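The first chain written gets the first letter, and so on, giving A, B and C; residue counts start at 1 in each chain.
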Amino acid sequence: MFRHPLLQNSKGDRGTGPRIVIINEEVMKLLKQLCEIHAPSGEEHTLKEFLLKYIAKEKKNWKVKPEIIYGEEFQDCILLKFGKPRTAIFAHMDSIGFTVRYQNQLLPIGSPDAEPGTRLMGRDSKGLIECELEYDKENHAFYRFGRVIDRGTSLTYKINFKDTKSYIQSAYLDNRLGVYNALMVAQTLKDGVIAFSCWEEHGGGSVPYLAKHIHEQWNIRQALISDITWVSGGVESGKGVVISLRDRNIPRKKFVNRIIEIVQKKKLDFQLEVEGMGSSDGRELQLSPYPFDWCFVGAPQQHAHTPHEKVHKSDVKSMITLYEHLMKGL
Amino acid sequence: MFRHPLLQNSKGDRGTGPRIVIINEEVMKLLKQLCEIHAPSGEEHTLKEFLLKYIAKEKKNWKVKPEIIYGEEFQDCILLKFGKPRTAIFAHMDSIGFTVRYQNQLLPIGSPDAEPGTRLMGRDSKGLIECELEYDKENHAFYRFGRVIDRGTSLTYKINFKDTKSYIQSAYLDNRLGVYNALMVAQTLKDGVIAFSCWEEHGGGSVPYLAKHIHEQWNIRQALISDITWVSGGVESGKGVVISLRDRNIPRKKFVNRIIEIVQKKKLDFQLEVEGMGSSDGRELQLSPYPFDWCFVGAPQQHAHTPHEKVHKSDVKSMITLYEHLMKGL
Amino acid sequence: MFRHPLLQNSKGDRGTGPRIVIINEEVMKLLKQLCEIHAPSGEEHTLKEFLLKYIAKEKKNWKVKPEIIYGEEFQDCILLKFGKPRTAIFAHMDSIGFTVRYQNQLLPIGSPDAEPGTRLMGRDSKGLIECELEYDKENHAFYRFGRVIDRGTSLTYKINFKDTKSYIQSAYLDNRLGVYNALMVAQTLKDGVIAFSCWEEHGGGSVPYLAKHIHEQWNIRQALISDITWVSGGVESGKGVVISLRDRNIPRKKFVNRIIEIVQKKKLDFQLEVEGMGSSDGRELQLSPYPFDWCFVGAPQQHAHTPHEKVHKSDVKSMITLYEHLMKGL
């Protein structure tokens, strides 16, 4: 019954083999829309509203209609509960950016990495803003604009979305691609939870109560982190989704091994990552007062946290396919 | 019915306009007492005892008699519950200071900032201590005293409380002024919680269980952090209480915007702060497994964490007035 | 009724005086076994299995048969509940080590401190590994081995266990000695909890849910951290177990004072530590949403986190004796 234009299942009611994930123009349109939404850490409500509308419209095409859980008790987060869940997918909605301080100073939201001259967008009491990023000699960030911008206004990169034969390039693929992955997986998901989280780029703060709800209500202890990682000395573009064995945090080896067994059995493409730095929503699950096992599983990108994040299309397909299998096999 | 000597309401049963907060000698006496109590992080019990006695004596003059919650289940914290609360005020009781190590070494409690020669006070098994702070060439802190001080003894600044026409100057206005603000707001508070917390200056540890109690028992998700901030490039002495749009942590923008709307409507004086460093009890609310919205609202000071913290009296008045309005409006 | 070969009670059913703890060959055998188990942070399941077998075999000799709590809800942790507990002992099972990255790179697990040439042990899909630690000029760690090691494989120090007249020397006395202490205390424990925890060396993650269970199920608010500390300017080998007044975190003074009163009354040997750095499972108890009082109590060692950790035998005896008294007195 799966008939969603964005992803086409090549096998009808597929068996155990991977379905062929097709990335077409409509897919790109959705991903571009997601990237263009201004939602830095603390202002995820815009993306929340978009997702609620999208889900309301699309869920009729999904195999299982999820329970949709949101509201002030969840701040700007959304939980989708499908069937009898055993595993939760966490996809953070927020992006990095800047906050306007005094004079024309800017403070980072998360860890942006942009060259001088980068175009920044926002809105304050006087209207829309498109300004330019500058640095002084001590590498402090400033904006250049025709007028003073209200204190506390957030600015995000202007989106220049590029869709080439093999690559997608845009600001905020981290983590709109992780959100997109979750939406694609939702189409065929029978049993599972999808959690759209907040503040991941700036110290966290929503995963603790999401974990509490997910564990206390549905007794879930397994989580996959749908997020974007780095091309590195051991991880290449186009070689498949990344299963991260560790970053700054170390997930329980037993759980990570189960994931590897599943994907090896299915002969899916993947790459193994081993990092000492970086973290994700997995960190907050690790530290929560609930015994969550977690693993970061996501496409690698070049130019992380710049306006030019670049991901190979085959890695996006690989990510969606792997998630579909893991949500069944775990 | 409000007849408390410390603060005089100029309008009887006031309407929506701000009452005139008067800072007189009795006010100064209470604030001086609060500053003089030795209660560095981990030793808040002294201030707890003082507050319990003060509250027992004064609550007869308060509009609403709060439920007073304390005991070993709350370590050295105190919760006051007024009416049907929607918002909690957090005021940390602890101060920065030093711990005596070996030889005549001192380790910081929190981040003290004091010149050599500063007088430090404490008490160990041999009696009262008044010693002098010294530094070696590598900027390690030491004490100079006629005898060895017991290991683990805590030392705090000797108080030199100055009350001039426009300013209050003393060690530990951070955060005895935040505690004082909460006590003043208590006089007229109908619905709300006041939480006196511990360890804020040294990594925290009490807000998580306070947040748990406040949320689970009374379903509260809103918090104001009654604490002291800095005069900076964008925040001046005497220009009104500070509403902080962010520090190291970023509160949810939607909540902060509601606060600004309320105070703008009431035409109250305030200043907006935007910082990239520093944190408060708000950090622990942000990271707790409860969906708290929070905002730091407090007077700015000069010479933070020195023995000479200095706050403009009009900013203290502005802080109390703002809290009164916010606890009604939120 | 206490008849365990590892520790001999000199007084039968002892009164208030300390029993004489004897460290003999069998004791050394157990401790050596514990040290030799490969269980870096994230892979504690090996030590968990050893402990479950050991406890199943030995508990018949214990004064009180504890309830043994473990399973997926507790990941790789174990809880032992004796009688009507008032205090919990936390002993972390994990050790520091290295993770194999790409090429022949190694990433630290926790903070290992080893010279070039150190022998490292592990196992991957191709079998057992014994390789050699190297560093480049920028102090990055590498392995030297005849073949490529699987990504994500963990390596730990090869054990060279030395038992001399006065000292024990081995890698991983931190914290297999803390685990050992808990097992010795278990022999005579009437009322208490023993928690074997995970991930202590690498950011934590199990203490939050252990604390939740211990507090919610048994209303416990007191904890002792059975772990190993450092010989320092104020702490010597052979002068007795260390009671730590603070490290990076500051426990509540009132609780620490109660501990000192008990051990002074019993005239037990101990040393007081005051540190500004370092932390333990106590940090996670401090930050948990449960009002735990905690204190680090453990033997001091030389050469921490090297393959040559060295502890004076009399300090081990002192540690066990102190724990026995504290678990009764608190």
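Definition applied: a contact is a pair of C-beta atoms (placed from the backbone, for glycine too) under 8 Å apart; a residue touches a chain by one contact, two chains touch by 3 or more.
Every value quoted in this text rests on a predicted model; they were computed, and no experiment measured them.
A.B. asks: If each protein chain is taken as a node and each touching pair as an edge, is the resulting graph a line, ring, star, complete or other?
C.D. replies: It is complete, because no pair of chains fails to touch.
A.B. asks: For the sequence-identical pair chain A and chain B, determine the rotation angle of the Cα superposition and round it to the nearest 5 degrees.
C.D. replies: Rounded to 5 degrees, the superposing rotation is 120 degrees.
A.B. asks: Taking each chain's centre as its mean C-alpha position, how far apart are chain B and chain C in Å?
C.D. replies: The separation of the two C-alpha centroids amounts to 38 Å.
A.B. asks: Going through chain A residue by residue, note those that touch at least 2 other chains and give them in order.
C.D. replies: Chain A, residues with two or more chain partners: 288-289.
A.B. asks: Would you mind writing out the residues of chain C in touch with chain A in their complex?
C.D. replies: Within the complex, chain C touches chain A at residues 41-43, 45, 72-76, 99-103, 105, 107-109, 151-152, 154, 198-199, 202-206, 208-209, 211-212, 288-289.
A.B. asks: Which residues of chain B touch chain A in their complex?
C.D. replies: Touching chain A from chain B are residues 221, 232-234, 245-246, 248-254, 256, 272, 274-276, 286-291, 293.
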